[in-house]
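Can you read through this structure? Questions will come right after.
Each chain carries a letter (A, B, C, D and E) given by its place in the written order, and its residues are counted from 1.
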Amino acid sequence: ACSSSSDGSSSTGGGIAGSAQKDSKAAGDGVIKIGLLSTLDGPYAALGQAANMGAKVALVDAGATLDGTGDRNGIKDLTIGGQKVELVVESSDATPDAALAATQRLVEKDDVDVVVGPLSGDEGLAVKDYAKQHLDTTFVNGTSGAQNTTLRDPAPNFFRFTTDGAQWMAGLGDYAFTDLGYKKVVTLGEDYSFPYDQVGGFMTQYCAAGGQVPDKIWVPLGTKDFSSFIATMPTDVDAILVALGGADVLNFTKQIDQSPLAGKPILGGSIAVDGSVVKGLGERAEGIVSAGPVAELDTPEYKAYAAQLTKLFPNAAPPGLFDVGYYTEMKATLDALNTIGGKLEDGHKALNETLSGMQVVSPSGPVKLDENRQAIANNYIFQVTDGASKMIKTIPDVNQTLGMDRAEYVDQPANDRDHPSCP
Amino acid sequence: MLAVAAAISLAAFCGRDLASNPLLFVSTVLNGVSSAALYFIVASGFTLIFGLLRVTNLAHGSFYLAGGYIGYSIHEAIGSWLLALAGAGLAVGAMGLVFQVLLLRRVASDPIRESLLTIGLTVVVADVTLSVWGGTALDIGAPSVLDSSIHVGTLVYSQYRIALVGFALLIGAGLYVLLQRTRLGMTIRAGVDDPAILATTGVNVPFLLSLVFGLGALLAGVAGVAGGSYLSISQGEDARYLLISLLVVIVGGLGSVPGAAAGALLVGLVEAFAQVHLPTYSVLVTFAVMIVVLAFRPQGLFGGVQ
Amino acid sequence: MSTPALELRSVTRRFGGLVAVHDVDLRLEVGTKRALLGPNGAGKTTLVNLISGVVPPSSGEIDVFGVDVTRESGRRRVGRGLARTYQESKLFAGLNVQQNLMLALAGAHGGRWRPFPGGRATRARRERARELAHRVGLANQCGMLADALSHGGKRQLELAMALASEPRLLILDEPAAGLSPSERVMLTELLDELDEDLTLLLIEHDMNVALAVADSVTVMVDGTVMFNGTPGEASDSQLVHDIYLGSAHV
Amino acid sequence: MSENALEIRGLQGWRGSAHVLQDLDLDLASGRLGIVGRNGMGKTTLCESITGVLSGRGRVDGSISVFGRQIAQLPAYRRSRLGVAYVPQGRRLFSSLNVEETLRVAERRGPWTQARVFSLFPRLAERKKTKGTSLSGGEQQMLAIGRALLTQPKLLVMDEPSEGLAPIVVEQVVGACQTLADEGMNLLVVEQNLAAATAIADNLVVIANGRVVAKLTSAQLRDDPVLQRRYLGIGVDDAEHLELGSAQSHPR
Amino acid sequence: MSAVDRRASLMGTTDAVRLAGLGRHRLAAVAAIAVVAIALVAAPYVLTPYFFVQILIRSLWLGTVAVSLTFLIRYAGMISLAQTGIYGVAAYVTANLSVTRGVNQWAAAGVGISVAVALAFAVGALAARARAVYFLMLTLAVGVFIYYFALQYRPFTYGFSGINGVAPPSIGSVSLSDPHNFYWFALGTAVVCLLALYGFAHSPLGLALQADRDSPDRARALGMNPTLVRVVGFTVAGVVAAIGGVISVWFNGQVSPGSLDITRTIDILIIVVLGGVARLEGAWLGALLLSIMTVYLSDYTDHYLTVIGLVFMGVVLVSPNGVPGLVATSISGLRRLRAPASTPVSASPTQQENH
């Protein structure tokens, strides 16, 4: 019955809330306003904090000065094409409702020209729907990784310079089966679209390689105590794939260590051992293999970025998925604005065209967009050693269909509780 | 009759479960019981405040959260788990006392306004803890003596979780004696019934009520450390534990310590078994059971007639 | 013999180990005005609760106008013409005196909970309510919230509400308690003027009221009926003096 | 002691928004004073002003001193510690405590003990484990009195203590009041039962519309129907009732 | 003798005076209604589009949901935390039927409201025996249950992301997709709900509801069935909440678990408090205030959540009757300053009712 994992239903925008247009025409008023939308409230606040740091590094790189080091502080001293650039910071609590309300505030109340964000999967779907009703505003994703934001029924003015949740797992399936020799893996993730995409991304390749996933465990959103779920896990597996993030990984690893499964190798989802999380995990993180779009690279871009990040925010964790993601999106936005000299009077035509053709070199490698305005970029395999995630393999130029034929890939049922499957 | 039918089907269910996978059954029961222990510790302060002051303290989760964070910092600073427990308890207790004296007392006798004030506090505490401790999940870590597992045959179980059960029993017994057997307990109950008249017998009622509120907050702070060592402490835990406390206390019956224990046990076990047998709808099962219990016994399992 | 208004046959009620009402037989012919006396804790209020269906009897039967109501809900008994007052006032504190009375009146008439009744019925009810308020001495307080009445005022309203339902069997639980001496005089007059056919069971510790109104007296002690007789016999009885009246009422 | 047990000057009292006590003066040098008056005249409000219970529902202005101490602005519990105790109208027992617990909560060290209360009201001794609010009306009254006595008062304020009591118990209460007074306790008793009022106290004040309108001796009131009619409206016919009825009007 | 005269003589002079005062009040009330009506008519033309749509129209349906709670608290003494659940069910059913099953929007709304009302009836029947905090908790459990149901039962609710793309219907040739038309529609519905609730409250059944609130024992002794009365009252409130739910889903174009989670429940509670429970209209005022606060406070401070929390606590502390009560006390305070010897004003109804 669930035809689609990530998209509830028809995505032609509806309702009155989305239909209001800006209070006044923003373009050509001498100010370019950029809205920054992340999650500074609720359980994912730590991720939002990192995201905002990354975005601000891009702004500072472009010549701005920070108004302060707080999460919600803006910037000053940046002009593009003779126009002052202003940053308006908004926050959600990771629910689509809150993201939508925040986007409405940015677009309709604060008259921003570009929205950069949001942070999490389902928020992105809501914002994409909204984008369709506001074609004279440009939307550049944050780190939201739901596949269907761009894979199916995309919005013409929504751009994503980060890869999606399935792309983030590219390579891990092969690596687990071939290099690590795991023939059977059990997965555990929260019951919503982002983990579906993560597990789906893993299994697409893992099952194709011949691996087996005897059981997928979906815990209700907000689960903290995993002990009873752990108790139901089959014990005759080679590894456990944990598609959790933030505090949950911490809770999970603690509990698995105190169960009969103690010592089983752990494969991590992309946000399981991300830079901002690994700190809290301490020793328990050692040895976890995971995949993700951001790695500690030996490139000038990475080094410059890492240096700038610690300089601006001494308390920041090492570069991770969220800050680098927001950095990349913000950098692409600023580059495009610079290219067109800040000209937005044409209903953002020039800006959107420029963005579509943009290629950026991000701290995590080169990025270009496909015809749906979705990033094609490198992905990396990691292992945690000595308290840090160390890159052990690069998967170059991963596209959204993971190398499969687009038509065929889109025709498959979307990732969800039961799909894909190879018990 | 209904109870008998329920008991029979419950026994049948357990028997089948036990036969099909004894290890799973035992560990599920253990999980349920140890969760229940934590829930009881969290809810004990809530039942005190809720049952005695008739204040629906919706900031209870925030007290828990603050306790966890403060405990974390103390633990980081001096490395003693026990001191962290005590320090967090005292700090949060003091916080609750100040809140009660400065704000809550002014709207005493209007239950709606009281709970609304506590909602306001929730918002503030969440915002402040976020700016102080950040959004990352923090792990206090169990005390080193308990930080390992017990092995019985193929069964592996966390020592800390078992110790929690003992801790819960201790708190429960202490509270029961305080409320039912001491004059202070009686005075507190009288203060809830008719504060104005109790005052004419020479009791400083506002002071007494503040004390109770402080004690409830203290228990929440202690629970924060216990829970932060059991799992971890992070933003969002406040709402979670508030909801759990509400469930436990209401199912058990207002202000009744044995009731809270029964409520915690029911919630913990139902949750554990539902997660094993019906993972997708486990939360629904937990709440459905609560609704059914309350529909048949509106005053909770152990609650007297209002 | 005509059907009595109220008949209790060996009614017993226990609370745990305490027998609050023990094997009581009581028969009230239509039109009787009976005073029920007895020391504190004798079981008088419990008896009223049994009759009005607030608590079920442990054993025994209760007839109201010839119908066995032992197993009937309190609500149904109201429909049979039974009304009572409470020893502790139970009023609609958030409504004013008039609204309290209008509710009581509505309770007395059929089809009472039609959400939007005709204006005429409402107007007539409002008139009746005012009249009742006047009768119990609350004419000046019609618009006052019941909660704001003084203790005595509440007692007066209690009485008016019982009268409002135009009962055929009226049970009053200490109507004079809390009333000032002058209001007690009014109360006595009011009870004296009650309808011939109305059956009254009156619990009252004020002998000036009870003996003036009643045509017969029952005395209960420790849950059992110890005495039945006329008011005159009661005030002459040594037994009644010893257990209830004391020396004051010689 | 030269000080008056109770001295009230210019007392104003509000209940909700109603100005109930209007410039009331009252003295109780020592011993027993009865207060009578019709329903709604402010007797309870006066009691609550003295004991400090009113502050929750209204407010007071003016001077109240007991044994020379100004107490008008003290919280209720401080007044209790100065020896003021209260038997409230309608009993107001603690619904979650039983008889024994109620007494235990109130008890302070002094001449009154639980045993003495039980010997004063034997009926209570039989009902020790019953919740206060499950007691019969009269039993509740006894418990309320016992509760007040155990705080070892020097000034006992009673609001209609005989309400709901059987005549024989009223006699006991009246007797108890006399005993208490003989032991040196000062009593302020509001009473609707005229016989009881005159038996308890030698001096009475009549309150109407929040003021003291008369000070009489018990004998005067007991024996003089004219006074009874004038102040209490007993035996009035309708016309006079109206005249008194104005006293019933409520400040709103 | 005119009716008023007769009433005055019956009630005595004090009441007559009060009646005269009421005449003055009635004049003020008429004036106030006129001012509000003019403001509401002028609003679409003078407000910025953002304020008009995101604040004003949003407040209209938020207020409609909240008024169901105000009604319950004011007249039945029931604090229900299930109102968000009920409006959510109406919204979900409407959205699912019209979007994924292509049912006519009005029909979908009709079914949505019916299902939600049936649910309200069931919850009412389940919870009617519980009182005070038990009622509060039972309804909270129901609300949370519905939230998790929306989250987990993907076949119907589509899980965390919910249902998007719900379009408002049209009335004949008038399309409600136009914010102006939608405004009049939402406003009309709000007024109808308000009048209906007042009508109900003053009907005998409404009086019975209040009677039950004050003394269920006595109500029973008068021949009422308190449980039934409570169930009916709860269901009536459920109708209004469900209507609010339908309007909300047409307004937002989407519904997801986030639309009915515990923070939304708390929002509704906050609205009711800000608006006060003395009068039902307060709900819309509260909705307007909360919307304005959440949107505009973040312009001024990073810690706007703390500020909202503090402002909210301030209102709760200072005024038992929300912002209107605050205004009323300050006005009467000023008056008292001007004429210190005047008779004290009568207490506000809630003050007397909160016991």
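Here is the rule we use: a residue touches a chain if its C-beta (ideal position, glycine included) is under 8 Å from a C-beta of that chain, and two chains touch if they have at least 3 such contacts.
By chain, with names taken from UniProt: B, E = Branched-chain amino acid ABC transporter permease; C = ABC transporter ATP-binding protein; D = ABC transporter domain-containing protein.
Bear in mind the structure is a predicted one, so any value in this text is a computation, not a measurement.
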Steps in the shortest chain-to-chain touch route ending at chain C and beginning at chain B: 2
Best-connected chain pair, where connection means C-beta pairs in contact: A-E
Of all other chains, the one whose Cα centre sits farthest from chain C: A
Approximate Å spacing (C-alpha centroids) for the pair chain D, chain E: 46
Centre-to-centre distance between chain B and chain A (centres being mean Cα positions), rounded to whole Å: 36
Rounded Å distance, chain B centre to chain E centre (Cα mean): 33
Whole-Å separation of chain centres (CA-atom averages), chain A against chain E: 39
In chain D, residues with contacts to at least two other chains: 16, 18, 249-250, 252
Chain C: positions in contact with at least two other chains: 140, 148
Of all residues in chain E, the ones touching two or more other chains: 12, 14, 18, 148, 151-152, 305, 352
Of all residues in chain E, those that touch chain C in their complex: 10-12, 14-15, 18, 199-200, 203-208, 210-211, 213-215, 217-225, 229, 349, 352-353, 355
Residues of chain C touching chain E in the complex: 52, 54, 74-75, 78-79, 83-84, 86, 90-95, 99-100, 102-104, 106-108, 112-117, 130, 134, 139-140, 142-143, 145-148, 161, 165
Chain D contact footprint on chain B (complex, rising order): 109, 183, 186-187, 189-190, 192-206
Residue ranges of chain E touching chain B (in the complex, touch as defined): 73, 79, 126-127, 129-138, 140-142, 144-145, 148-149, 151-153, 262, 266, 269-270, 273, 303, 305-306, 308-310, 312-313, 316-317, 320, 354
Chain E partner contacts - residues on chain A that touch it in the complex: 1-2, 4, 6-24, 41, 70-73, 90, 93, 95-98, 100, 104-105, 108-109, 122, 125-126, 129, 146, 191-193, 220-221, 416-417
